[in-house]
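Common to both upcoming complexes is subunit A, partnered first by subunit B, then by subunit C.
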Partner chain A sequence: MSTANMSRAERRQARRIRRFDNPWLNPKLIWGASLLFSIMIIGIVGRFLWDLDLVFTGSSPLKLPPLGFENLRGQPGVIAHPIGTDGGGRDMLAMVIIGAPNTLFVGLLASLIGMSIGIFLGFSAGFLGGRIDDTIRVGADVMITIPPLLILVVFQSAFGDVTLTMMALLIAGFVWQSPTRLIRAQVLSMKQSGYVQMAQLSGASTTHIMFREMMPNLVPYLFGSFIASVTTSIVTAVGLEVLGLGPQRIPTLGRTIYEAINAGALIQNLWWWWGIPTLLLGVIFIGLLLINLGLDEVSNPRLRRLS
Partner chain B sequence: MLDDVTKDKPVLTLEDLSIEFPTPAGVVQAVKALSLDIHKGRRVGFIGESGSGKTTTALAVMQMLAEPGRVSGGTIDLGGTNILELSEEEMRRARLSRVAYIPQGAMNSLNPVMRVEPQMWDGIIAHEGHLDRAELKRRSDAALASVGLPLHTADLYPHELSGGMKQRVCIAMGIILNPELIIADEPTSALDVVTQRQVMQTLKAIQTQIGSGLMLIGHDMGLMAQTVDELAVLKDGELVEHGTVRQILQAPAHPYTKDLISSVPLVGGESFLSPDARADAPKRTSSEPLLRFEDVRKDYGSVTALHPMSFTLQGDTPQIISIVGQSGSGKSTMGSIMLGFNPPSRGRVLFEGQDVAGMNAAQSLDFRKNVQAVFQDPYACFNPFYRVNHALKFPYKQFGLATSEAATQRAMEEACAAVGLDPELVLPRYPHQLSGGQRQRLIVARALMLSPKLLIADEPVSMVDASLRASILSNIYDLKDKYGISILYITHDLATAYHVSDYVMVLFKGHVVEAGPPKEVIGAPQHPYTRLLIDSIPWPELDRSWGDGRTDWDPANLEAEAARAEAIYRGTVPGFDLIEEAPHG
Partner chain C sequence: MSRIPRDYLINRLVTLVLTVLIAATIIWIIPRLSPVDPAEIALGRMAAGAGSVANSEEILAQLRANMGIDQPLIVQYLKYISGALVFDFGLSTAAFPTPVSTLILNALPWTMGLMILSLLITFFIGNLLGALMVWERSPKLVKVAIPAAMVFTSIPPILSGLLLMWIFAAKLQWFPLTGAYSIFVEPGWTWDFVTSVLHHGFLPALSIVVVTFGFWALGMRGLMITVQGEDYVKLAEAKGLRPRYILYRYMIRNAILPQITAFALKIGLLIAGQVLVERIFAYNGMGKLLYDAILNQDFPVIQGVSYVIILITALSVFLVDLLYPFIDPRIRHEANT
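Up next is the complex of A and B:
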């Protein structure tokens, strides 16, 4: 049957069925990934097309509005600074080009480290059991109850200025607990499964069972957990930055918001100063949420609907 | 064609009923033009393999078909009402009051946080509004009494009940509003034989008492023969044969029905095996016995799963030793102790003179190569991430049997062919694309490739469709017969144990109660527990007093009697030596 003589409804049905067949063609997943991708594109392409020196204080006129708007002084936006400038004479576009990928970078790095710790500890706890399991489980449970922001504020104030990597490392210390617990639980139930017993009967080594038999089946969980911890990491990082902590000399979305609030941007109606970074953070979070929902449907076929 | 049918109006009439499921691969016809009547007071059995459309038909009658299934043609008439035209609300009122559904796993359908009584009241309140408490209590007590449960059951939570009691509570809930039709979907599939007999008796008695129609869904021809009046045989959604049980058992017309009947192994009946003893004696380098239990005991906390047991399996001639018993008898514990998965609490397990618990890496690999297993659940035995050939290829390479990629492939193909599978069709697939029977055969093929000295088969066919059981068992039997592998067959099914084994041990609460050659132990049981087990098996023999609703048949009493009786040893076979337990008391 060719597509030409199918009715509209039939074509729609066929499309749904194809989607059902290949879970990765999930609209939520695709939309979420495109949103995050567009943030990265802004960062990469922007570096070639825009003068990044405009990110320095005093490189541009102060408090210019985006193109097509007027600020309270009656100045119109200019093409040289299409989304305006901030109170320190920095070009907003240049700040976004550098700041947005920085924020994403901190989130990805922190959760990558957190996940690696989580995978290692989760597997050890679930597989080895006994004392090791008790220690890891209690450790993770205790860490979950400690509010990360509190500790991080103390740490950051003690360190003064930190690099992005340093900040990611600090945050990673607070995102390993839930992957640890999740993986431990999965490993415990998988350890009893028939195919792991079969592998034991086949004389497989512990590392083989962990990484060749169990790990592939954990991939959907790992993905989901990774995305969730990226979200947590970014929230934590932005929280610190808005408080004025975190890297002092590297533009990030959170730091821009901090400076806007500090300079009274809300009273002066400089909405683009805090509004644009907030919007971008919103895009990042919506993107992550959609990916998470999409991954849920991939790993859990029951959530997929045919009609 | 059914001459002895009463002339009343049937309680359920299915006419040209067709049900379809649209799937990615096209529309699947789950039920094709099914026409059937169920009369008042009649019991009609729906028998067929999984996927034959029995449960789908039942769900359609309840208007509970899972999305995206739909009735594509025909009518369902429940005592004069066309069910397909009822609105959601009207159907809700018809459920339970006119047609009751007793689902497959009763343990999962009771609410774990509610006592039994309020759960029973729920149904009455939903249909008749709020009645006063005394009236509700009177009716729930009457329902419990009618299924033979003590009245204090009402105040218990589901986890305090045994599987059989839960299933009887579900029956009580189903009949509380005196429905015209009861649908029981494999009501005993999760229960062992003794409880099964008790539950089926209850169901029959209560159905006779309220005079409703019964639609019993199942796959066990023996159970059907003992329970129903009429039988409907379904295959791939088609009704291939319909008639009274007697008619069908004595003169089955359709070849599929004949298969179903002959697939039930009978104690003392004709063997389904074709012995072909051309196996060479297994090549043994050690003069030590193959497997030896020395006072092995296993405790789980304060519960003793296995009382001290000692035996020696010489293994010079291949033998099949059966270990039979109900769930909880300690038979699977024995299996996992032999495999070294579960260390014994006391005593030692020796494999060729070597303690299984204290092996070094090389000995351990040798032990693994020589002691293989077939497990109960063929669905769980394959890693869903890999194609099925991974499960065959990996151990072959791991044990250093593979010389080249081509040799491995050849060995896999030969093993598949030996168990009756087409290697090209099966090997490159993912596990979920294969049926349970195909998977279990692949596990047998895997054991064959490794040619171990000992195979532990733990309920290898209990989760496989009935018509395939005999052929998979004969695959396993061939391992002994043609390839010289000694086998420990762990099962609850005495009839198959009768045919395949050289020696049988009956386990009851961790003790051996009767042991000896199968012809004596199962053919002429002496211990009360063995007799109880054998009496509970439903066989396709019509004139046996199995489910006749006798009230004097009380398994609890019989079990208590069995617990008091001494173990009975019925002779020995060369090569297997069971140390007799000292008489207790």
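Up next is the complex of A and C:
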């Protein structure tokens, strides 16, 4: 083997090692983030470039296929509705531009609130211990076994229509348990670790220990837990929407699927009606999964490999 | 039972009872906070059936008395809780006068059958594949193919269900589109009925399996990486045991234990996912019952179905917690766990 080859291989090796010096720059994390980012870009840029009035029922011809396809009546797709229209005469593109960010919004808002509750409760339980710890632990244990979907089904069928924010708030009531448990466990184990005991011995205040000593070490776990909550929240939201609950007048991806199933879109071969929201949801979930896998590599160096 | 300390058992029992009680209470409180009056809905249904209703005030009062919602709240609550203990949720308002418990009893076997079947398949496949991903001797193909398949794991079963339904039921017509058995077969223990049930159940089960096995595979992969470096594995290798034997008896046997706990935490989401799959396949289980009840605003059925599903979830978690010390003899539950 020539020396030039060797040095090239060595350089590549060195580059890989350098890349892994910063675990946050791993390909899974970047890919996942860009998938989610592209959904948001569709939502933001689309608002400026596309006529959003087309999202109203009857604003467009019915059941037109996407460009380049033909529906069962032999109509070809038209440029005015590039990804087709649904059975109610709504433009799918306008629906996607409004609906996809709505779905992400519910997920993010619900988990932001859920995480905040979880961080607060987890720290309190782990740090204060005693009666408070018992109450929080039993509360989290109890709530974690209750599937959010069913309670929310009862709630929404009793109250009828809700807004997007309201739905996010309701879901937030069911995504705080896992972060609470996770943070409590981490705080408990950290309390025994050398650097925290050192800080305690040197007379650091409780808030200093919590936020300056422990918090930085929890960041990868917090992110991982956050992404997991986003997934759970979106799954729950889509579940409600597919059961015909959730916001009734605001386009969301789940509601579009619900309407498509009810209109028999599967039998009528209107694949774009249910297929496009399904595909977008798939992209969202895959993006979240990739981010989660990437974060796993950040927090668990054993998973990192040089290949 | 000697492995389970009394304190641990009591602790788990208290959690179980609390879970069911809190869930039942939430389910009971929510409709009472709502401005919607079930008696008016029932009256509306009557009016829609008969065209008009005379003496509507008296009928409303009678309906309220029948539903028991004219009594003080505490009496209603106690009645509800004692009813829930014996699975008495009153009568369905949409399928009046069928008791809710009858409707649930008819739907439950379908849901449980589908659930247990798909769970066993995913648990087996998922853990095996996860282990093979880490194992040094597994074929190259496995290591490439599984991460690719893993991408689907984040997708909820309802989306995979739609996709499979379209490809295999609507397009290729290999499988029926909806239902749990063909309408042309008489239910019973006949060959025709059983094949019909299997034929109808295949797609719903498959749509759950394809998206859930990856969860187990991912978890197993992480655990196997930890187990891989352990001394007892090195020793087993040094002793010259067959690699396959080491994989099954040393590595998987040890790595699988936390997976069983993960199972307990995941079961609620799995059941909720299955409810949705049943809804899109119009499978005769709890999901369809729930969906029909939502459409008809049939509160007793919604309450009953939610309660039973939460009860099943809580019971499964309880059982896993109790069985765990038997599966993993290293666990000794202390009084404060």
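The rule is simple: the second predicted complex is superposed on the first by the 292 of 307 C-alpha atoms of A that agree within 3 Å, B and C clash if a C-alpha of one lies under 4 Å from a C-alpha of the other, contacts with A are read in each partner's own complex, and residues count from 1 in each chain.
We adopt the following convention: contacts are C-beta pairs under 8 Å (C-beta built on N, C-alpha and C of every residue); 3 or more make two chains touch, one makes a residue touch a chain.
As the structure is a computational prediction, the values presented were derived from the model and not from experiment.
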Kindly classify A:Leu245 by the partners it touches after superposition: subunit B alone (first), subunit C alone (second), both, or neither? second
Between subunit B (first) and subunit C (second), which does A:Thr232 come into contact with in this model arrangement: first, second, both, or neither? second
In the superposed arrangement, which partner chain does A:Asn269 touch: subunit B (first), subunit C (second), both, or neither? second
Partner chain(s) touched by A:Ala199 [first = subunit B, second = subunit C, both, neither]: first
Touched subunit A residues, subunit B compared with subunit C: C
Determine, under the contact definition given at the top, whether A:Ile98 touches first (subunit B), second (subunit C), both, or neither. neither
Which of subunit B and subunit C A:Ala125 touches, first, second, both or neither: neither
Taking the superposition as given, does A:Ile286 touch the first partner, subunit B, the second, subunit C, both, or neither? second
With the two structures laid over each other on chain A, which partner does A:Ile146 touch: subunit B (first), subunit C (second), both, or neither? second
Once the shared chain is lined up, is A:Pro216 touching subunit B (first), subunit C (second), both, or neither of them? first
Any idea which subunit B residues touch subunit A in the complex? 22-24, 67-68, 339, 341, 364-365, 368-369, 372-373, 375, 377, 379-386, 391, 394-395, 398-399, 443
How about subunit A: which of its residues touch subunit C in the complex? 138, 141-151, 153-155, 157-160, 178, 231-232, 235-236, 238-239, 242-245, 257, 261, 266-267, 269, 271, 274-275, 278, 281-282, 285-286, 288-289, 293, 296, 300, 302-303
Complex contacts: residues of subunit C adjacent to subunit A: 14-15, 18-19, 22-23, 26-27, 30-31, 33-34, 36, 151, 153-156, 158-159, 162-163, 165-166, 169-170, 177, 218, 222, 225-226, 265, 268-269, 271-273, 275-276, 279-280, 290-291, 293-295, 297, 299, 302-303, 305-306, 309-310, 313-314, 317
Which residues of subunit A touch subunit B in their complex? 13, 17-18, 20-21, 193-195, 197-204, 213, 216-217, 306-307
